[in-house]
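In the two complexes that follow, subunit A is the common piece, with subunit B as its partner first and subunit C second.
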Partner chain A sequence: MDLLSQIFVEPFALMVEMPDLLVQTLWEGFVSGVLYALIALGFVLIFKASGVFNFAQGIMVVFSALTLVGFYAMGVPAILALVLAIGVMFVLAWTVERVVLRPLVNQPDIILFMATFGLTYFLIGFGELVFGGEPKQMITDELFLPTGATEFDLGGGYVRIQHLDVAAAVIASIMIAVLGVFFSKTRIGRALRAVADSHKAALSVGISLNQIWVIVWFAAGVVALVTGIMWGARSDVSFALQIIALKALPVLILGGFTSIPGAIVGGLIIGLGEKIGEFYWGPVVGGGIETWFAYVIALIFLLFRPQGLFGEKIIERV
Partner chain B sequence: MSADHAHSFAAADALEETAAPAGGGAPAARARSDEVLLSVENVSLGFGGVKALTDVSFDIRKGEIRAIIGPNGAGKTSMLNCINGFYHPTEGRITFKGQTRPKMRPHEAAAGGIARTFQNVALFKGMSTLDNIMTGRSLKMRTNVFWQLVRFGPATREEVEHRRKVEDIIDFLQIQHIRKTPVGKLPYGLQKRVELGRALAMEPELLLLDEPMAGMNLEEKEDMSRFILDVNQEFGTTIALIEHDMGVVMDLSDRVVVLEYGRKIADGTPDEVKANQAVIDAYLGVPH
Partner chain C sequence: MSIRHLTIAAIAGAIVSTTALVAPASAQTEEGIYVPLLTYRTGAFAGSGIPIADGMHDYLTMLNERDGGIGGVRIIVEECETGYDTKRGVECYESVRANDPVMVNPYSTGITLQLIPRAAVDKVPVLSMAYGLSASADGETFPWVFNPPVTYWDGASVFVKHIAEREGGFENLAGKTVGLLHLDAPYGREPIPVLEALAEEHGFELKLYPVAAQDMQNQGSVWLNIRRDRPDYIYLQGWGAMNPTAVREAIRTGFPIENMIGVWWAGGDEDARAGGADAAGYKALSFNGAGADFPVMQDIITHVHDKGLSQFPRERVGDMLYNRGIYNSMLIAEAIRTAQEITGKDVVTGEDVRRGLENLNVSEERLAEMGMTGFAAPLNVTCENHSGNHQVFVAEWDGEKWTVGQDWTEPMTDRVRPLILAAAQEYASANAGWPMRTETCDN
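Entry: the complex of A and B
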């Protein structure tokens, strides 16, 4: 009886009694949701264009952030360092296409997937070699990202909103919107979906696979850089950051691997769900919901709606 | 056309009906020149120890319909793959429009004016008919990434202009009713037609059709034959096609090249080829 009350009554009572806590939790959930969506977006781009689950997306986040911080540490002005980091992501995209993807055209997806594992470990090693393994501070102020927080009163308590989180949400939203339109409504977007469906047919109409791959890997690299800046500003830039990429997996399963809106909604559901779950229902099981909540949701989705909320319907004519 | 055509020559009968108003009807009356559009010289293709093609030579003249026939495994599709750059011949050379490019890549072939369809339809399954055919315009669209990103000005104008061309092709192929349908849901015959549409959207000079009628029923074959003839006559497109239905081949094509085990065994008009002993042996077998 006590347990039932703990699950079905007390959390809701708490929500009503202390709306400030509820709003605070929702806000935090929203922000991490947007950031999850951003990570998932990097996966979606590459998955759409090449049918490859890019395991290296997580390390690309770390690597791009390290590059940015690394250039700054060398005395390059922050904005120039940002431009250079974007340049490095382009070189990376081009190199990956040349060295990894091109020799593996027409190979089964699993081969390409394994190749991204290789890329992951290469980037870890290379990153440590060049930048060292110790965690670094993100250059938040230098990039004109706001710091500090605003507090406002609400229902007897107060809600505290970090300015950085607001900036993160805004930047991520703009980024997602631009990429979404670009890839769904333009010639290059169409070419990208074409490449995803059939390599040989895309080649036969004159779409250059190489060019498309460079474009998507570069786009994914830029998304990784933005993600790296935002997450790096919230904690540190370290190699541990790459495991947040694993959080993108449930987001993708929820939203569908090929859908940009899916990545957004999936990210928000996971972000909000785990914060709310942790805060209100965490005590029932002794906390720690945040670490597994997303995966349980993903599991449920795999059972009942394997293509995700927005994934392209799996059409199989027999 | 009556529904009681039961044999494979029915498609050919249908063709003559449609061809008649265009002047002549018989293949010989079609506009074509002796100018060589593409020539294949001593081409061999090997994968490791397996020889797919051995010393094959033939040419395709501007404006003609050229058939490539032969028993299964004769190397017909390999030949097409060489022409559009999927494979690179291990020996010999292919000259298109007077240019010889030893390692032509598929998108370069496409840019040069070679379009193709595939034996087992290769469409973009998740995309609509319209979008599939629009991809055929990829090479003709020129606005840069920036304009596409802002979706304004030149990019929009260009999109509209190409969309009009694509709608013409959709009308031509009579597939208006499935414009918005994801092609993965379409029956096979219609998928083949959409694939032809995508190739036509490229406004090719040379159209390669790999078994355009495989797996079709009689009525679909008749339609497809009519479209192929119309494309050849109205747009003057040179066509090379692989086909197993002999009735179709004999009535559509101006000249036929016959492959067996990767070698050319005959080359000539349909009548010549039909009478050729090597061809008869290849298809019917020889007593040992």
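Entry: the complex of A and C
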């Protein structure tokens, strides 16, 4: 009886009793959701273009952020360091296309997937060699990102909104919108969709597969850089950050691997769901449910939509 | 050569050079005392692991450079990179074991737990300095395992003593709420039994806030729970990237930072510095001094840094975790020196050093000889008590550096020791065939 009360009564009573915490939880969930969506977007872009689940997306977040901080530590002004970091991500995209993807054309997807594993461990080792293993502080002020917080009273309590979180939500939303428009309205976007449907058909109408791959890997690199800046500003830039990229997995399961709107909606559902789940129902089992609860949410959705929220329903006739 | 070949060669070169950094060097053939250090300079916990690894390395190097080693025998120091991963740590142990180490320093509670059953069999003592299994302080049950100067349980008791003092006595703890914010790993869970026992005794409520390793930098939900429960104090038992994130989150959410007290592993300079000026008032337990104003530190600068033999930035000499590594190596060196005195041998073995560890007696005079007056408290280990339940102090971050916030404090040994003995018995019972102690006692 007590357990039933903890599950079905107390969480809702707490929501009514402490509305400030409910709003705070929703806000934290929203910010996390937007950032998860951004990470998931990096995966989706590459999956759409090459059918490859890019396991290296997480380390790209760390590598790009470390590059930015590393340039700044060398005395390069922050904005120029940002531009140079974007440049490094372009070089990385070009190198990946030349060294990893091009030689593996027409190989099974699993080979490409394994190649991204190799890329991950190479970037970890290379990054530690160049930047060292110690965490670095993100150059938040130098990049003109806001700090501080605004507090307002609500229901006898207070809600605290970090300015950095507002900036993260706004920048991530703009980024998602720009990429969404770019890949749905432009010629390159249409080419990307053609490549996603069929490599051979795309090649037959003159679309350069190699060029598209460089573009999507570069776009995924820029997404990784923005994610690294935002998450690094919330904590530190360390190699532990790459694990956060795995948060995108339930988002992808939920939203589908090929859908940009899916990544956005999936990110928000997972972000909000895990925060609410952890906060209101976590205490029932001693807390710490956030990590696996995200997968529970995704799997529940999968029961009803196996292809994900916006994933394409594939019918193969035999 | 094509671009592709060049690129492959470059990648291969990078991998080889990276591997050379993280793999143990080949066994050395020169005569000496072989001391392997299981360290982590890579991965998610490198932020905590690097200063400690450098501190351990630099003190032993200083002894080699200044004194020609210990008792005239050079120390052969070899690092093996574990990445704070238990499986890799055990692999490291296997790789160094063949070279007859005089002891092993796992630097991870998870790895220590794996090596405890191996120690007596392989005749390699385990030195888990203020970490590992608290129950291993019982020398009767664990004759090959040592965790001086204090256990996690001692640390938790000092934390409770500290908050009781701030509240005006233990009687005022009744009705208070205390949170344990911990890494959800064997290390993080270690203080729970003693905190539960003290909560029951003194009437405060204990709330647990586990943080999974993958969420070390994503603690938003945990801090919402903290805000809901409104604990009066938080005891932080974190590691790696978890600590600076916790300090930042405490500030972000408006938790009074002066009421958050970290265990000694949550007291790194970078942990506190992450919170900026607002982190002033954050506290952490410690058993070693901070700063470079000790003669021993000057010797390290002269004999190691000035000769370019250290990887640690000179301007950071004196960081709390760097100094902790130095303290750890001081224990290693003193155990070897004691073993040499007991056995009369210059080149000692693992069995000899086990006896050395069991007879460690670092007096105030000895600390002065080593240039460590005020750096550490006197310490002694006995056959029965492999930890010693020594004093620790509460250090306070002033916004730029750690300062000694209060005097050295005794743990609540009368409460902790019975729990340790009971837990040791429980461990032996749970592991069928756990050997009875047969090793002779020298004290």
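Here is the rule we use: the second predicted complex is superposed on the first by the 312 of 318 C-alpha atoms of A that agree within 3 Å, B and C clash if a C-alpha of one lies under 4 Å from a C-alpha of the other, contacts with A are read in each partner's own complex, and residues count from 1 in each chain.
We adopt the following convention: a residue touches a chain if its C-beta (ideal position, glycine included) is under 8 Å from a C-beta of that chain, and two chains touch if they have at least 3 such contacts.
Model, not experiment: these values are computed from the prediction.
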item	value
Touched partner set for A:Ala172, first subunit B, second subunit C, both or neither	neither
Subunit B versus subunit C as contact partner of A:Ser208, first or second or both or neither	first
Partner chain in contact with A:Leu241 - subunit B first, subunit C second, else both or neither	second
First, second, both or neither for A:Pro283, with subunit B first and subunit C second	second
Touching partner for A:Val222 - first (subunit B), second (subunit C), both, neither	neither
Subunit A: partner with more touched residues, subunit B or subunit C	C
Touching partner for A:Phe182 - first (subunit B), second (subunit C), both, neither	first
Which of subunit B and subunit C A:Leu101 touches, first, second, both or neither	neither
First, second, both or neither for A:Ala194, with subunit B first and subunit C second	first
Subunit C contact footprint on subunit A (complex, rising order)	14, 18, 21, 24-25, 28, 31-32, 95, 98-99, 103, 122, 124-126, 128-129, 132-135, 137, 149, 160, 162, 231, 234-236, 238-241, 243-244, 246-247, 274-275, 278-279, 282-283, 286-288, 290-291
Footprint of subunit A on subunit C - complex, ascending	3-4, 7-8, 11, 14-15, 17-19, 21, 40-47, 49-50, 184, 208-218, 220-222, 224-225, 227-228, 240-241, 244-245, 248, 252-254, 270, 274
Residue ranges of subunit A touching subunit B (in the complex, touch as defined)	178, 181-182, 185-188, 190-191, 193-194, 196-198, 200-209, 215, 258, 312, 315, 317
Subunit A contact footprint on subunit B (complex, rising order)	84, 86, 106-107, 110-111, 115-116, 118, 122-127, 131, 134-139, 141, 143, 145, 148-149, 151, 155, 159, 182, 184-185, 198-199, 201-202
